[in-house]
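Sharing a structure here in structure tokens format.
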Amino acid sequence: MATDKPSQQVHQQAIPEAQGMAVAASGPAVDPDARPRSIGGIGLDLLTIAYFAFALFPIIWILMLSFKSQDQLFTTYFRFDPTLDSYKAVLGLSSTTESVPFMKYFLNSLIASFGAVAVSLLVGVPAAYAFARYQFKGANDMLFTLLSFRFAPELMVIIPVYVIYQKIGLFDRHLGLIWVYQLITLPLIVWILRSYFQDLTPELEQSAMLDGYNRWQALVKVVVPLVKPGIAAAALLAFIFAWNSFIFPFILTGSNAQTVTVGALAFMGGAKPRYNVTAAAALISLIPPLVLALSIQRYLVRGLTFGAVKG
Amino acid sequence: MSRSNRPLWMDALTARRSRRGVIGTAAGFGAAAFASKLPLGPVAAAQDSAAADITGDFNWKREDGKKIKALLNVHPYTDALKADLQAFTDLTGITVEYDEFPENNYFDKLTVDLQSGQGTYDVFMLGAYMVWQYGPPGWLEDMKPWIENPSATNPEYAWDDIYENLRTADNWSLKVGEPLGGGGQYALPWGFEANTIIYNTEVFDKLGVAPAETMDDLVALAATLTEKAPGAGFADMYGIATRGSRQWATIHPGFMTQYSREGGKDFELQGDALVPVMNSDVSVAFHEKWAKMMKESGPANWTNYFWYEVGTDLGAGKAAMIYDADILGYFQNQEGGSANAGKFAWHPGPKGPDGSLLTNQWIWSLGMNAKSQNKSAAWLFLQWATGKDHLTMAAIEGNMVNPVRASVVENAEFQAKMANNKNYLETFNAIIQDTKILFTPQPTFFDATTLWAGSLQEIYGGANAKETLDALVGDIVNAAE
Amino acid sequence: MSVATANPPGSEQDGYVSPARRAWRPYFLVLPALLLTIGILYPFVQGVIYSFQNLKATRPNPEFVGFRNYQRILTDNDFWHAAWVTAKFAIGATAVETLLGVGVALLLARNSKVSSFLERFLILPLMIAPIIATIMWRLMMQPSVGILNYILKPIGLGGIAWTDTPAMAMFSVILIDVWIYTPFVALLVLAGLRSLPSAPFEAAAVEGAGPWFTFRNLTLPMLAPYILVAVIFRFMDSLKVFDVIWGLTQGGPGDALIAIQPKAYQEAISFSNFSTGQTYMVILWAIVYLTTRLLISVLGRAQARAAGV
Amino acid sequence: MATLALKGVRKEYGKSVVALKGLDLDIGDGEFFVLLGPSGAGKTTTLKCVAGLEQPTLGHVEIGGLDVSNIEPNARKVAMAFENYALYPQETVYDNIAFPLRSRRYYREPGEAQSIIERVTTTLGINHLLQRLPRELSGGQKQRVALARVLVRPADVLLLDEPLSHLDAKLRAAMRAELKSLGELQSTTSLYVTHDYLEALALGDRIAVLNEGELVQVGTREEIWHRPVNTFVAKAFGQPQINLVEGEVIPGHDGPRFHGANGAVDLPMHGFDVTPGRKVITGMRPRDLVMDAKPGMAHIKGSVWVTEPLGRQQEVTLEAGGQHIAVITPLSSLAIGDTVTISVPVSRILLFDAESGQRIPAKDDAAGAARPIAEMEVSRG
């Protein structure tokens, strides 16, 4: 990662790779549809199903839980009388004072997570590009400093950040969250995108520069479109991590900027634990990352590949 | 599974002993001084208090137009408060903003804020134990001067209407080991929980058993229930649920209540030194008995039981009885609160050998931030929130049980409301005089009691009780150094 | 570079850029990220400073104590216990996630109808906040009302006390961690599998190599960098484990699951032993930092080897 | 149109890698200048320094007489075709070629751009590929697209980096001819990089030979071929490689003679100003040697070591006095081990100092430089 290599490497691999997944279909994977189905094939399918049963069962169970009423919560397993009460509670449609303004938290999470990823992309793309393309004094130190934040336990900074935020008025503000989320999102994005840029032969943007474009235009018109899968994948991962972050919003927000992770837990307090409402809240909070993932699915697997692998 | 095969982790525990052994010799711990009896923090003198600035006639509108910020725990008390907040604003012209967090995280949030010294929240909820942690650093406002200033406090406040044991619980000299009472009033009692037996009458009736009156009877009763209930149509039912997780909260409800009734103590003052005595003979015997009861008649996975598993198992008909907060049963007993709502009854629990009904309590209190910039407005809020009007309304229309004011308990409407909770009021009246904080006040309460819970888990897992408790005492002494 | 003069050559020309501007160009690009970073660096340094003080609730005016906290903690068996718990968890979780993740990736790379259909659900467990996922697992594992023992009963595994003993508790947190993060490993490895060149595999097929031979001598070596990246990510995060342990047992039973970060949290927040907790965290940070550097150098060598294939 | 000059250009990467060690070049307006060297010689670095994609560590580049050190690449009016084509993979062939014409600097109305592109692609024979993506093209087609992108826009200097290196031999020969006929290349100052001496000989008005970041020789193709400054240049041109035989100048009855390969190679040295006792190397190009003993030439006797047919000719390697000597002859039946005699045209012998490797000029050096190059007349492939 922090090794000192000449910035102008020629990766002849990069062009065919960037051209897409033409290789994928003909890759090492054997397409079982291309030949008669074997016993082994069915066995492997069963193994696949077994893993997904393990992976998806808890989610299906959470889904069921969200439709259970409070008095059937702990006495029923698969057969119960479904009710929408939990969703009503989450969406603020039930009139009880026990309701939590969850949709407000939902909006807060959207603002904070999107904001954090946007800021990280805005400052992270040029930085990643510079780290990949230029050799300059202190580059490695700066890069490693940036990355080392990912090694830091979040708790290590939380009290100092709390004090600062109180002093400068960022406590319980979206901007405060967006800023502190940079600890999560920025290293991830710089790390992945730097490898991306390194994978891309510099001659593409050099060619653009000779073709009459300035450096900025070359970056925007030639490089960015090529690393789109990487940007999409890195942004999605960063979004998921920011969206799921608990300790930062928990300590650094109050009622104004609180997020879904903290909000969903609020249903676990009170006179009795409302697992069903928490389940509904968890499922509703699943929607944004899911929608995002589905909309960029075609980039995802490819996007992760070449970014992540280069140290 | 582990009920029969318990020695599985004996080896690990033996290793633990020697691990601690490296720190010091266990023999020395019994008499080791844990802390000397010195004042810990700034004891605010009455004349320094901002309360002294308030003069003239009492006036609810004194701080009209001000805004205060509250940190609240997600709780039925809080729901009752939120429902009534408009009345406060109408009365005083003060608006209250609040942040609300679930209990598992609430105190961490509060601690971070108080620690930062930023005074974000003017008022907040806290328990009596928290006074021991938050008081000595000077984070809490002493409210004695406020209560005693007639210009600041409304004439109908009736401070004495609040049960004396509850008032005393939030009153401390900030001196390690010195008993409660006789110092500053660092929080105001708001609502409380006493720890009792709550049981499923359907099971008890069907099996023809009655609540236990001694500890040995309780152990035997729990075993009987575990043995017979599943055969009597109560599938998967076991005898008794209590908290068992690795948290200080495992010690303070049923465990501490019965521990004290049996004569157990946490610390003793020896001269000027406070000494942990969880390794006394009485204590060792009780730990063994309790662990045996939970092992034989408690839930599988007991070491992961928070208060809500305890309540949940009672409500779901899995636990025949619980030894925990009386209100935990109350919420399960409410219509729609659980599958067995309406079937629960209360009992004070086994008496000690000397007939003791000492009962430990948890008091949700309200406190004021010493760094608050709005102390006068905050005080108006606190006296309103702990005042007769709000608490009466909250107990009757909301779920503010147990009430901290005798007048509310005696209120006919409240009595009527509680009547369908079998023996609730009888139990309440039987123990209220003996319900107090049974721990010794000292600032490392949370560290020490968390370690204590860990030791109880180890004994439950099969470790030698005497050795484990010796090590616990050693660890507590070490932690304080 | 030409010597700067009062009128540098070409300065009146179209497209002129001064040598100074050119030298500063990368810094301009990095500057915004750096500024943001400095905003974070301050609290970070502040956090380190606390570890050299004796701040705790009962001592509001702390003094500098040099390395005394470090000395105390590093000679305290509690620390070594926490380190041992952390190591067991990190190695166990990372190993299982890696093996399972690689397996799942290989299964999905077959592109059979079943696997193509299921692949779209792969990422789902990652999307539920770990803290909430853990609470849900906790309920599922509750022996009295939980669903796991209910569905395991027919196969003779009812009545499992999931967190009753240290060994079971460790098993259970690793199980939850595996549930959450295996998709992450599978995703990375799958991406790697799909970008492998096809030529060597065709050659192997022509030469009649068996599937196991092909896997061991072709797939695995070429996949090694991808697997290593997944290992680095997972190991780094496993060393910092908190949510899963705290959500499941708060470190119990006994102190069986008190890893470094839960220990630090408890000291710093729950007990207000602020400097002690902070020192634990600085030590943890150093451990993660050094481990990662080590793993990255291993990765560099693996990449070099893979490039040679 | 402009002249191009490199003045003491030195390029270092990091502390230890020196890619260029102070390069001085002067290229005339409209000249087609070829830079030849083995890989790692610094050829591409030279081009990138000219284009402004790399900044020289020392020295500077002048275009049209102006120091362009501080001019951004996009303002240098330089066009470059990259060795790996640098086609934008997500754009069609048309969009790739149109890319410069859409920039602010070289902007053309879409209609005008289209007609330019059609003209250039028709010339290059790729006008049927315009809607394809680069990945759907063969290497040769990609190379033409890269070339087209360079040719559609005005440029003072064209930089061509091994544009034919990825082609097979046949296509390469064809493209060489094609390139030569392109008007744009004939009239624009061009710097052409290659490691293929045939390309250099075929295309270059002048050729510079580069080795390890240093210029070895600059000259016309005849100068380079007939008067290589040293053995490195001599070896760089010609296939099979020039025969180099180490030996000593000895006195003979009709003047100094060359004595090498344990006496198996014995040649008259009267064309050179050398004194006996000097250690020298003789160079004989295989195509200059003739089979059998011809009158008026020096002779070398040897045994056939290996033969290799080359179309209608064959390459015969002799073993003479422990030295291998290659000869190109018409096809004939020769068996391994046969003893043969070859003839050496004395005037074609090159002589080098054995110690420095530098060429020792012949007495009639000037005359030699004007001779045609036999190599160029032979069709290869």
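Residue numbering begins at 1 within each chain, and the chains themselves are lettered A, B, C and D in the order written.
Following the convention adopted for this analysis, contacts are C-beta pairs under 8 Å (C-beta built on N, C-alpha and C of every residue); 3 or more make two chains touch, one makes a residue touch a chain.
Everything numeric in this text was worked out from a predicted model, so none of it was measured.
Participant: Spelling it out: a chain qualifies if it touches subunit B and also touches subunit D; which chains qualify?
Facilitator: Of all the chains present, those in contact with both subunit B and subunit D are A, C.
Participant: So which chains are sitting against subunit A and subunit C at once?
Facilitator: Expected: B, D.
Participant: Can you tell me which chain lies farthest from subunit A, using the average of the Cα atoms as each chain's centre?
Facilitator: That would be chain D.
Participant: Could you see whether C-D or B-C has the larger number of C-beta contact pairs?
Facilitator: Of C-D and B-C, it is B-C that has more C-beta pairs in contact.
Participant: Any idea which chain sits dead centre by C-alpha averages?
Facilitator: C
Participant: Would you kindly tell me how far, in whole Å, the mean C-alpha position of subunit D lies from that of subunit C?
Facilitator: Spacing between the chain centres: roughly 54 Å.
Participant: Using mean C-alpha positions as chain centres, tell me how far subunit A is from subunit B in Å, no decimals.
Facilitator: 41
Participant: Just the number, please: Cα centre separation of subunit A and subunit D in whole Å.
Facilitator: Computed from C-alpha means, the inter-chain centre distance equals 54 Å.
Participant: Of all residues in subunit B, which are in touch with two or more distinct other chains?
Facilitator: Subunit B, residues with two or more chain partners: 108, 112, 115, 312-313, 316, 318.
Participant: Find every residue in subunit D that makes contact with two or more other chains and list them.
Facilitator: In subunit D, residues 72, 74, 76 touch at least two other chains, as defined above.
Participant: Do you know which subunit C residues sit against two or more other chains?
Facilitator: In subunit C, 145, 269, 274 touch at least two other chains.
Participant: Which chains touch which?
Facilitator: A-B, A-C, A-D, B-C, C-D
Participant: If we count contacts the way the header does, which residues on subunit C are in touch with subunit D in the complex?
Facilitator: Per the touch definition, subunit C meets subunit D at residues 1-2, 8-11, 13-19, 22.
Participant: Across the complex, what residues on subunit D touch subunit C?
Facilitator: The touching residues are 55-58, 60, 66-72, 74-76.
Participant: Provide the residue numbers of subunit A that touch subunit D in the complex, in ascending order.
Facilitator: Residues of subunit A touching subunit D: 4, 6, 8, 10, 12, 15-16, 18-20, 22, 135, 201, 203-204, 206-215, 217, 222, 225-226.
Participant: Across the complex, what residues on subunit D touch subunit A?
Facilitator: 13-14, 17, 48, 51-54, 72-74, 76, 78-80, 82, 84, 86-90, 99-100, 103-106, 133-135, 149, 153
Participant: In their complex, what parts of subunit B are in touch with subunit A?
Facilitator: 69, 71, 73-76, 79, 82-83, 97-106, 108-109, 112-113, 115-118, 120, 308, 311-313, 315-318, 327, 331-332, 334, 336-339, 341, 399
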